[in-house]
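Chain IDs A, B, C and D follow the sequence of writing; residue 1 opens each chain.
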Amino acid sequence: MTRPADPVRWPDGTRAAAAFTFDVDAESAALGVSHHHADRMSVMSHQAYGPLVGVPRILEILRRNDIRSTFFVPGYTAHRYPDVVRSIADAGHEIAHHGYLHEAMTGKSESEEAAILDRAGDVLERVTGRRPIGYRAPMWELNWHSPKLLADRGFLYDSSLMDADHPYELAVDGGRSIVEIPVQWALDDWEQYCYIPDFSGSGLIESPLKAAELWRLEFEGLQSAGGCFVLTNHPFLSGRPSRAAVLEELIGYVASRPDVWVAPLGEIAAHTRSLELTPRCIARPDPDDF
Amino acid sequence: MTRPADPVRWPDGTRAAAAFTFDVDAESAALGVSHHHADRMSVMSHQAYGPLVGVPRILEILRRNDIRSTFFVPGYTAHRYPDVVRSIADAGHEIAHHGYLHEAMTGKSESEEAAILDRAGDVLERVTGRRPIGYRAPMWELNWHSPKLLADRGFLYDSSLMDADHPYELAVDGGRSIVEIPVQWALDDWEQYCYIPDFSGSGLIESPLKAAELWRLEFEGLQSAGGCFVLTNHPFLSGRPSRAAVLEELIGYVASRPDVWVAPLGEIAAHTRSLELTPRCIARPDPDDF
Amino acid sequence: MTRPADPVRWPDGTRAAAAFTFDVDAESAALGVSHHHADRMSVMSHQAYGPLVGVPRILEILRRNDIRSTFFVPGYTAHRYPDVVRSIADAGHEIAHHGYLHEAMTGKSESEEAAILDRAGDVLERVTGRRPIGYRAPMWELNWHSPKLLADRGFLYDSSLMDADHPYELAVDGGRSIVEIPVQWALDDWEQYCYIPDFSGSGLIESPLKAAELWRLEFEGLQSAGGCFVLTNHPFLSGRPSRAAVLEELIGYVASRPDVWVAPLGEIAAHTRSLELTPRCIARPDPDDF
Amino acid sequence: MTRPADPVRWPDGTRAAAAFTFDVDAESAALGVSHHHADRMSVMSHQAYGPLVGVPRILEILRRNDIRSTFFVPGYTAHRYPDVVRSIADAGHEIAHHGYLHEAMTGKSESEEAAILDRAGDVLERVTGRRPIGYRAPMWELNWHSPKLLADRGFLYDSSLMDADHPYELAVDGGRSIVEIPVQWALDDWEQYCYIPDFSGSGLIESPLKAAELWRLEFEGLQSAGGCFVLTNHPFLSGRPSRAAVLEELIGYVASRPDVWVAPLGEIAAHTRSLELTPRCIARPDPDDF
């Protein structure tokens, strides 16, 4: 039977962890669904808002609050906006892997996925000078073969699964493992804010105050539970002025809790690795097995 | 003409009843729609959060508030997580039937549905040592032949219909009946919280405070009406820390009303049976009849 | 050019009107979309809640607040629940026409629509003893030929269009007209509350407090504008205890305004007719005309 | 690499700008999607509410608050409601171009789009006596060839892109440029209010207070950022009494800020042009380029 992840201890007397992560999807979020979206100038400009306006605004917020964070960057974003991506790295933040064209990996073979991982890893290394150690599957769609592909390439961690309140070691094979830092749909700004006709969303656009209420409540819940709060924002969405302002309030609130460790995912993963946890095996469900 | 259900009297001077029920769908909610969802590691992990993290948290909440409840468990959940299901039963809660793979029964023949009922009944009995006496149709989709199938198998009650504020005896045939404990869509956490791309939801994810407002108002309405408040939560959704915290507040509020009887559905059904109500016949609508 | 409706004067020194209307769709709302929904026992029970539980609760609310109202009843509802429909009429409320099986009339020919109008008119007359004088198109989908069909049958009014804040005379032909009492989507409970899988809704279920805020604001706006507030509730939705309670609060608030005339639509239509307004012609748009 | 727009200075010591714009889509919003919607009398009346009731109400609000604004008018609206469109111009507001039948331009060739631009320009000129200098693409769907078409026709500005918080010069070719005044989905009333079955919306209809909260927050964010707040309202939606009342409150709030310049888009564009900014080139993304 698949067993729950063991609890983790947090460093320096803290009892919970928090990370503010950003997925710099830009145009690739739409192009990964269909190359035809490239024909839609307004949609492309909607996505370009992320690197052009959202990222600088978010970097300034993080600087003001003295927070280091993790930015998941599709290879195509690094190809199209190398200066933006370098500015993130130069500000001391972690650049992590987020596919090449934000491709949904569902249904892709191991070799197809490997090619995408390598292509995007190459461009990220070329632009930033270093190979990322963290991965987040586009659309949070990990395949069962993905962890092995990540281990083969020396990744320390992935952040795409949803079965725990805190990180764990995920068994791969041959005694190998990667650190998994779980996420959840309620801690993502896409569901609260994203509407792009004929691409994403039903038309719902929430007030930033509603999103912040949802996120603050879950932060407090995870804080009590000793978990790891991983919030995911997209600069093309949360880079808008009022959303950024509300996010900054939340960042300030979280960062001011003395019992919470705020860190980039790479550091959270390194801490988790240092705990020498027993790797968890997750068995693929087989609905025909009985 | 189909007639409304007669009012029921509640025990011990109470004027309304309440049950906090949990559907432990886990992976089966997605697999019942398509076996292909098994390929989606992240989706599977999203569902696994229920038994792995949500159930222990909910059991602790129920223990703290001294509440016994009913957990509807698909057969596949019991097969995959037998220890989790036993831990629920060991804590004094009722285990009830919820299909094998959370199959929507719409369009299934009587014999197909019978086979699923038996298969899941077998695994629940094997895991918990006893045959369930209660049933809830996956997706709350009861067929017109379902009540007879349940009566044939000795079920005391079903909880899938929506035409009354309180339980009643549902006529089956030959003078037989089963107790029906009605539910409603507004008292379900799925509509408030569930978003799984390419499977369920439009992207809407509500704040727990909004869900709790909705549920508390309807509890108060049913309390005034002398009805039976049946709330349905899914551990993979409401087991998340902030949702569980808000649910615990609601449980505490309801449990502290002196005029409300909080009980598992099995006990509510037994009480209803003891009232010796005249069974209701519900006629299948025939839109061609005129 | 189509011209706006002229303002109307309201009786007895009031400056606005209000009507609380109820569409008793019951099973027909689903059956009109597909007869196959008859196979879904739970869906049918969800719809049956309206006549069985919602209508008696709403009648009691109207009685307590001394309000007479208009109930739009599909023919099939009258066929299946004649006693319920008679109880509405016996309480002094108006029974009006709402199709036979809540058929969307879009695409129906004049003769097809005429047959439905007559069939439902017959059953309503058989059950209540009188022919309805008011009509509301199912789904608020009026055809361009519908007004003539209504005038041919002696209807005084329709309540399905959306191009004014108050009633007007709608020109038909040959100097004939019917009174039109406009509605709007925001003053309908379906959008706030209705979720039925594989039939209606995206999963959104709002709190009654949100719906009431929306409706109260629009009432106040129409009150200021001298308009006619027409709220549409469905007993299978707003008959639930907490929604009914919130609706009763709104009814009490509206009814207590000394400058607002609360009346059934039939009386509002008769008052409008008495004003001897010049009938409005509405020209069908022709996008190919230029 | 595409670079962000340079900041702009605002006139007379103000630090931000604001425009309340109105898209008078009326019937064309539905007809542009399918001519068959012309058969739906209720849908057509829903759209007609805009010019018939919404526009006069909005003109009165603008007059009371001493605000001049920009109205984007599809050619068909001017054809069908010439007096309404003239009344807008006569009140001192700007009439700008919004397609002929609100056609989504995606997939249209350069010559097809040119024909639509000219046809609508002709009717607007015939009705108002002057050729519009501003354009907003229906559905905010600009093609990559659209800016050149606009420059060819002497347009001063477009307002359909989303990649900045304030206006900029958009390079076209041969040293030519047009002013771009960006918009965003969160500052549009359609997502908050629009539901038309089988045409638009999932059923969500928000309270005006929620919409106003969202818009006020973003106004304050843009005010702080020195940006340009461009709100888009549709008279068929925001012309309803309570929405108009809430909009008037927001207008009053914005107009009372001493550091905010409220103006029609034409004047904002002229001011932007006067700054002699370096035109921005936006490169079409090519997902196959690597």
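By definition in this document, contacts are C-beta pairs under 8 Å (C-beta built on N, C-alpha and C of every residue); 3 or more make two chains touch, one makes a residue touch a chain.
Per UniProt, the chains are A, B, C, D = Putative xylanase/chitin deacetylase.
The structure presented is a predicted model; accordingly, all values stated were derived computationally and were not measured.
S.K.: Same residues or different residues where chain C meets chain D? The copies count as same if more than half of the interface numbers are shared.
M.R.: Interface between chain C and chain D is built from largely different residues.
S.K.: If you average the CA atoms of chain C and of chain D, how many Å lie between those two points?
M.R.: 35
S.K.: Centroid of chain B to centroid of chain D, CA atoms only: how many Å?
M.R.: A distance of 49 Å separates the two centres.
S.K.: Among the residues of chain C, which are close enough to touch at least two other chains?
M.R.: 202, 204
S.K.: When you draw the chains as points and link the ones that touch, which shape shows up: line, ring, star, complete, or other?
M.R.: ring
S.K.: Along chain A, where are the residues that touch chain D in the complex?
M.R.: 27-28, 31, 35, 38-46, 48-49, 52-53, 56-57, 76, 79-83, 101, 119, 123, 193, 195-197, 202-209, 240-246
S.K.: In the complex, go through chain B and note every residue touching chain C.
M.R.: 1-5, 106-107, 137, 139-144, 146, 160-165, 182, 184-186, 190-192, 194, 201-202, 204, 210, 213-214, 217-218, 220-222, 224-225, 227, 282, 284-290
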